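In the two assemblies presented below, chain A is common to both, partnered first by chain B and then by chain C.
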Partner chain A sequence: MATGGGTIGGRRPGEDPAAAVIAATPRGARLAEWFDRQARTLFVMPAVVMILIFSIFPLIATFMLSLSRVRLRGGGYRIRYVGTQNYEKQIFGSEQWHFLGTFEEVSVLGWIVTAAAAALLAWWLIRYFGGRSGPVSVVGTVGRLITASVLFGLAFMFAATLFSGTRLGTLGVTLFYVVVGCGIQFLIGLGLALLCSQPIRGRTFFRVVFFLPLMVTPIGIGFTFRMMADTGKGPFAPLWQWFGLGDFAWAVNPWTARAFIIVGDSWQWIPFIFVVLLAALENVPRDLVEAGHADGAGSWQIFREIAWPHIVPVAATVMLIRVIEGFKLVDLPNMMTGGGPGIATESMTLHSFFAWRALDPAQSAAISYLLLFVTVVLCVSYFMLVVRKRAAVYG
Partner chain B sequence: MTIKRSLAAATFGATAALTAAFMPTANAEMKHEGVTVNILTRPGPVIAGRLEQRGEEFKAMTGATIEVATVPFADLFQKLLTDWSTGTNSIDVGVFASGWAVELADSDLLADLSDFVANDPGLMFDDIAPYFREFNQKIDGKTYLITVDGDFHMMYYRTDVLEKNGLEPPDTWDEYLEVAAAVHGQDMNGDGEADYGSCLFKKRNAQSFWLILSVAGAFLQSQGTGQGIFFDTETMEPLVRNEGFKEALRILKETGKYGPPDELNLDVTDTRPIVLSGRCALLLEWGDIGPLSIDLTQSKIDGLVASRILPGSRRVVDRATGKLTDCTPELCPHATDGVNHTPFAAFGGWSGAVNAKADPKVIAAAYDFLSYMNAPEQSNFDVTQGWTGYNPYRVSQFENIQPWVDAGFSQESAENYLGAIGQSLNSPNMASDLRIPGTQQYEGICLDREIARFLAGEITDEQTMDNIYECWEEVTEDFGRERQAALYRASLGITN
Partner chain C sequence: MRSGALTRMAEIRANLPAARARGLKRWFEPTRIGRMSPAGSIIVYALLILWSAFVLFPFYWLAVTSFKLPIDVFEGPSYLPWVDFTPNLHAWADLLDFSAKSPLAETLTPYRNSVIIAFCSTALCVLVGSMAAYALARIEYKPKLGTILIFVVLMIGAAVAVGVHGVDLWVAGAVAGALFILLARSVGRYFRRSAGNADILFWMISQRILPPVVAVVPIYMMFQRVGLLDTHLAIILTYTVVNLPIVVWLMHDFFASIPVDLEESAQLDGASRLMTFFEIVIPLARAGLAATTLLVLILSWNEYLVALFLSTTKAQTLPILVAGMNGGEKGILWWTMAVVIIIMIVPVIAMALLLQRFISKGILLGAVKG
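For the complex of A and B:
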């Protein structure tokens, strides 16, 4: 750290054997010199301390918690180390049905899905090792193996639950929210962005209106959508009844309940995708678009050949952010259904929250870490294999 | 200044006069001058609001300052436990669910109030209904809690609907289903739409798990409160794998046929508006429905709703075999006309407990304040006010109809409403809610989740019973079977 420090008097304190020189240096100057030399450390320190206190320490503490059994007692806490017991309970033990889903006999369709997933992943790996998708490296190999095994595990989980007619666990439900929810949000967000980038009347007004839902607190959205969906006494009850749906209860069927949570989530998050993609679309060079028009290209061709390549890096990044956020969905199922019917709408974060509220922080920590693991593997894979690759191709 | 002074003097004079009128036990001199009592409870106006108001009165009488702080219900227990167990002791009194007290008392965190109670004639101890006096307030025979709110489930029914159909109010669970089936689909509020036979709050992760206990109680407990409805008192084996529990599951599920279509997603805050708009013939609820039904800003059922003790059963579980057996005088000593009724103290009610580590002066002031809240002069009025969230727990509260009429009840609706309260409060067979460590896990996680899955059709009745059994066993093992069994026995007043 001393290399960039000040050198008052041409010498650094401590380096000079003649202590008398230092003693002669005025006090204020020495202090200034010391500050000068420590400047970088001092400037960085607050940020480092903040990250250590609020990010790294909780991460380590949570991990340690997830390997223990914790009890609040008179006289304080009692923490007992139990190894990986909390994780085993979720993946293989008494909570397996809750976390991964109910495993019974895997159906024929389930085996087909498993085999298809295995074949696809094997093809992908062979293609990589064949050197057809760039040079083979150690990091690339390890990363791809982790990605492939997690994807295979998830595929088998869906094959043994969803495709075998048994129930999804909180992991499956969370992935459903992420994949289906974020997919719908991307399509609608992109569509709205395209509309608002057209020279239509009142587009500033629409931009503000479309952006508003993002500023509403998720708890409020949960309440609002629960009320709106109430076919018996909500504000839209007359409308539902007019359609003959007065006795329709969306919260009683697992899939309508999940679908409705996605509706609420999409209402909140489409604006985010919309506003980012709109900015990207506005940056597409006008001259290219005009040249395309001059050459007689249709609007689909212009979108596909000119606009899309320009917005892909932004779209990939915005989806990455949205997916990370999507994994953490908790407010809406908590407000709208309380995780019901049964456990049909319970996300992993809600699962973890329930465990925490039952004064079982260790189990809660284990679920959080499992969520972190799945999120990190999927998001890093997505980033390395989609975002970077696309950016390399188009950027 | 003079105006202010004379106003203050007038206020003081008025309060002093009130004091003299309301609290004959208060000493003339300022007994607790300079003492501050810090109370922690849930956010108001429910529960906390009345504590604050009565706190002002109490200050004028005794000089003690009552500070009421609140945290959300879900955080209340953790907050109290951490404050008291880590020795922070910033809180002197917790007003919380009585069920939490056993764990706190076991860790020596609660002050024993037995001596105070013994020397407090103003409390009218014997006027407190037997269950609340002997079980809700006591642990292992010692009084640790002072009840401010009595919570137990009752059945409510629409007098006009049943009368129109020539039906008697149901006395057993089978009759409950019959009545619900008979009236389901009729228009009960004159708006031309079909209404519901039974409205129950079955939402997951809310308060629905108390319903199954209210139903199962009639089959599981017939020998008095000490028998308990949760575990075998010796072995801590869960009482959920037997014909009685299975029958309760069947009944609870069948009520869904006569309920609102989205019943599985209704919490008690959702069913109340439906009930008050006159759409339900039968329901299970706490005491709140009475005061709410006379609030004409939201109720269409003023004078049309009556309450009754929870339906019972002619057959109860023989603990030895797990089979349902016909009631005999030996098996069901508290039965009326051969029907065993087990009113269920769901939640038990809000009660005050004092921190054992508080300064003795503070403990004395805290006790006097809780006693002031609980004494008939105050509580017999407070329980008639719907907004306080306080429900009856004293014999004089259902025997004396006048405060209810003063609060806005008609003579008839007051009589209708108070009928069941008396029956339930006097019952020696009231079932206690679970009051041991891990209650939140036993009830809020295991029971709530498995009942929700059962009602949603995810699992069968046998699977539900097995899952609850295993889940409860896991929690028991985790906390230690011996200790749990001892605390369970203590919570039921079994001393050996």
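For the complex of A and C:
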């Protein structure tokens, strides 16, 4: 894979004198010289080989696994190719309720949501083909069509479950965690960063304290929040009883359980967004802000017109990182609710793990591939359509 | 704008007595430019203190619970030690009780496992990752696209052979490797188009988007095949790869920001590239290296999913132990859990408090430069 000459900064300084010196000295130095000549390969090879073995090869293997049926038999296993059966089972078949949610009749609201999503996406595509958002290219067209069809599929999935009053599947729950959770985290993180960038005392204290949760093991957070949410023994028990909810168990209601997982997740991840946005806010040129103050602009105007354009590229990137990590959420649901009630809080990673634990690696592989597909399509769309554009405008 | 600022400031100064006279309104006006109004600062402090309470309270509750007797827990919440319950060290004493009936008898091994795995994988990851990052920042690579294509095809072929036709993993790997070397040498020179450093860098970093659950089942099967399942080595290697994209991403920026002059003169003096890297570049990138190392160390200490798949008993890490204690026949032992979680999170919290600047530097570099 690696061919061509090794150069530093485009030049080749001192290769000949070094070679002359080494040629005059015997063995040990020869070895050193060999190492030096192979250095360009040696430097990058370990990383490449490790990624190939532990990332690319498993990626291919999981795909093959997802196209087969695995029978465990006396210590070993037999694999048989079954085509797309596993995926069909998840999307149309007997596992649909688990992955996509319970599909019954789509309600009026559901149809309205579907139509609105379709209209919005059509408008977006038409605007693109009208050439108003830059030149039309093949890659851009194909990418936008993929993005639009996936978004429409997801909108219909939500229309048929959430807006029709039936249960969500693990895909819906994962997206709920990502969209709602990351949205809340962004707003609170930004708010805290704005508060901390005010001229206040004790800023270092607040900064250190707000930073702490990011370091804490998610499993520990899961248990601590479970303890705190206990309506009988937790610290807020008197409050619950005062509201007459003494024997209310939040873990039994799907929405309170999901909300609680988002609270735990936010407790951990708001610091991440806070730290990054605070640094971005501190990099906003002071004289611009002062000039704004002097010209009589209000705080909101200063934020909107001066600070926001400066922090948008950073905010877009930090949210990309957050969303990528958000799709991987597994520890909190597993610890706080075990995926329950029913499957109400099960993220896709947890779903895949449960399938694996039920000795069905093929289904587990199919689910993880579906997760990979959704993650890649949404993150790449977000990157191409939001992060890049913002960077181009303000960067 | 400057002159505008000055006149405006003079105006405000002239109006100050009037503003003071306006009573209630002065709460909402800044006393000086660049300061907040009194009401504003009260609101800001109130919100900041509220959030600090939200952040700190779980830690407090964890600590308090670890000093409670079972009866103190089950009788409903009690908040202040010595005021509404008497602190008791029984849960902590279990830590020093090594007899089999102690609920914490099995804590020591996972703790040691966690330490070994976190440190080894961090060291390996930072070494391998920063070497690759340095190379990508300094040396020009031009892998031919055709060669990469051959490699991918051979890899898929090997996967098919192993998975569908039951060929041995080693045989398939050896045949694919030999074929690759042969083909790359003979056919490779006919390819024209090649990828660049930016492509390799992007490829490495983009691995982070991969949900670990996608890769972990085949990794499990690989380690099972070579008999390394439930060993430290298996988890160390997997963690290394999981965190590699972060190291490459962060360190690439650090190395790219170091001027090349020093390295060039070192090479003129006859230093080999390895020597240059370890004796000149690494010391220069110390700050970045520290930040990256801390970040990776914390990530490996906290990791859950990979350990869940790859360890059963011997190589079990702390998060797995804690998750396993959640539930069970006797119900949850809240006080014991609290102790285990405290000893699990104290190292990272201490690190965060002491080295907060370094760690947030690492986080910042990732987000701001990206």
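Things worth noting here:
Basically, the second predicted complex is superposed on the first by the 346 of 395 C-alpha atoms of A that agree within 3 Å, B and C clash if a C-alpha of one lies under 4 Å from a C-alpha of the other, contacts with A are read in each partner's own complex, and residues count from 1 in each chain.
Definition applied: a residue touches a chain if its C-beta (ideal position, glycine included) is under 8 Å from a C-beta of that chain, and two chains touch if they have at least 3 such contacts.
Note that the structure is a prediction, hence the values are computed from the model and not measured.
Look at A:197: by the touch rule set out above, it reaches neither chain B nor chain C. Of the two partner chains placed around the shared chain by superposition, neither chain B nor chain C is touched by A:185. By the document's definition of touching, neither partner reaches A:90: not chain B, not chain C.
By the touch criterion defined above, A:232 reaches both chain B and chain C.
In the superposition on chain A, contact of A:359 is made with chain B only, not with chain C. In the superposed pair of complexes, A:252 makes contact with chain B only, with no contact to chain C. By the touch criterion stated above, A:174 is placed in contact with neither chain B nor chain C. Touch criterion met: A:339 reaches chain B, while chain C stays clear of it.
In the superposition on chain A, A:114 makes contact with neither chain B nor chain C. Chain A has more of its residues touched by C than by the other of chain B and chain C.
Taken together, the two structures place residues 232-233, 334, 338 of chain A in contact with chain B in one case and with chain C in the other. For chain A in complex with chain B, the touching residues are 69, 71-76, 94, 167, 230-233, 247-252, 254, 334, 337-344, 354-355, 357-360.
Across the interface of their complex, chain C is touched by residues 1-4, 6-11, 13-14, 17-18, 21, 32-33, 35-36, 39-40, 42-44, 46-48, 50-62, 64-65, 68, 79, 81, 191-192, 195-196, 198-200, 206-221, 223-225, 227-228, 232-238, 267, 272, 275-276, 279-280, 290-291, 293-296, 314, 317-318, 320-321, 324, 327-328, 330-331, 334-335, 338, 348-349, 352-353, 356, 361, 364-365, 368-369, 371-372, 375-376, 379 of chain A. The part of chain C that touches chain A in the complex is made up of residues 1-2, 4-6, 8-9, 33-36, 40-41, 44-45, 47-48, 51-52, 54-59, 61-62, 65, 73-74, 76-77, 79, 128-129, 131-132, 134-136, 138-144, 147-148, 151, 155-156, 159-160, 162-164, 184, 188, 200, 204, 207-219, 221-222, 237-238, 240-241, 244, 248, 260, 263-264, 267-270, 272-274, 277, 298, 301-302, 304-305, 308-309, 318-319, 322-323, 326-327, 334, 337-338, 341, 344-345, 348-349, 351-353, 356, 359-360, 363-364, 366-368, 370. If you check the complex, the residues on chain B that touch chain A are 74, 77-78, 81-82, 84-86, 103-104, 106-109, 203-206, 260-265, 267, 273-274, 277, 438, 440-441, 444-445, 449, 452-453, 455-458, 470-471, 474, 478-479.
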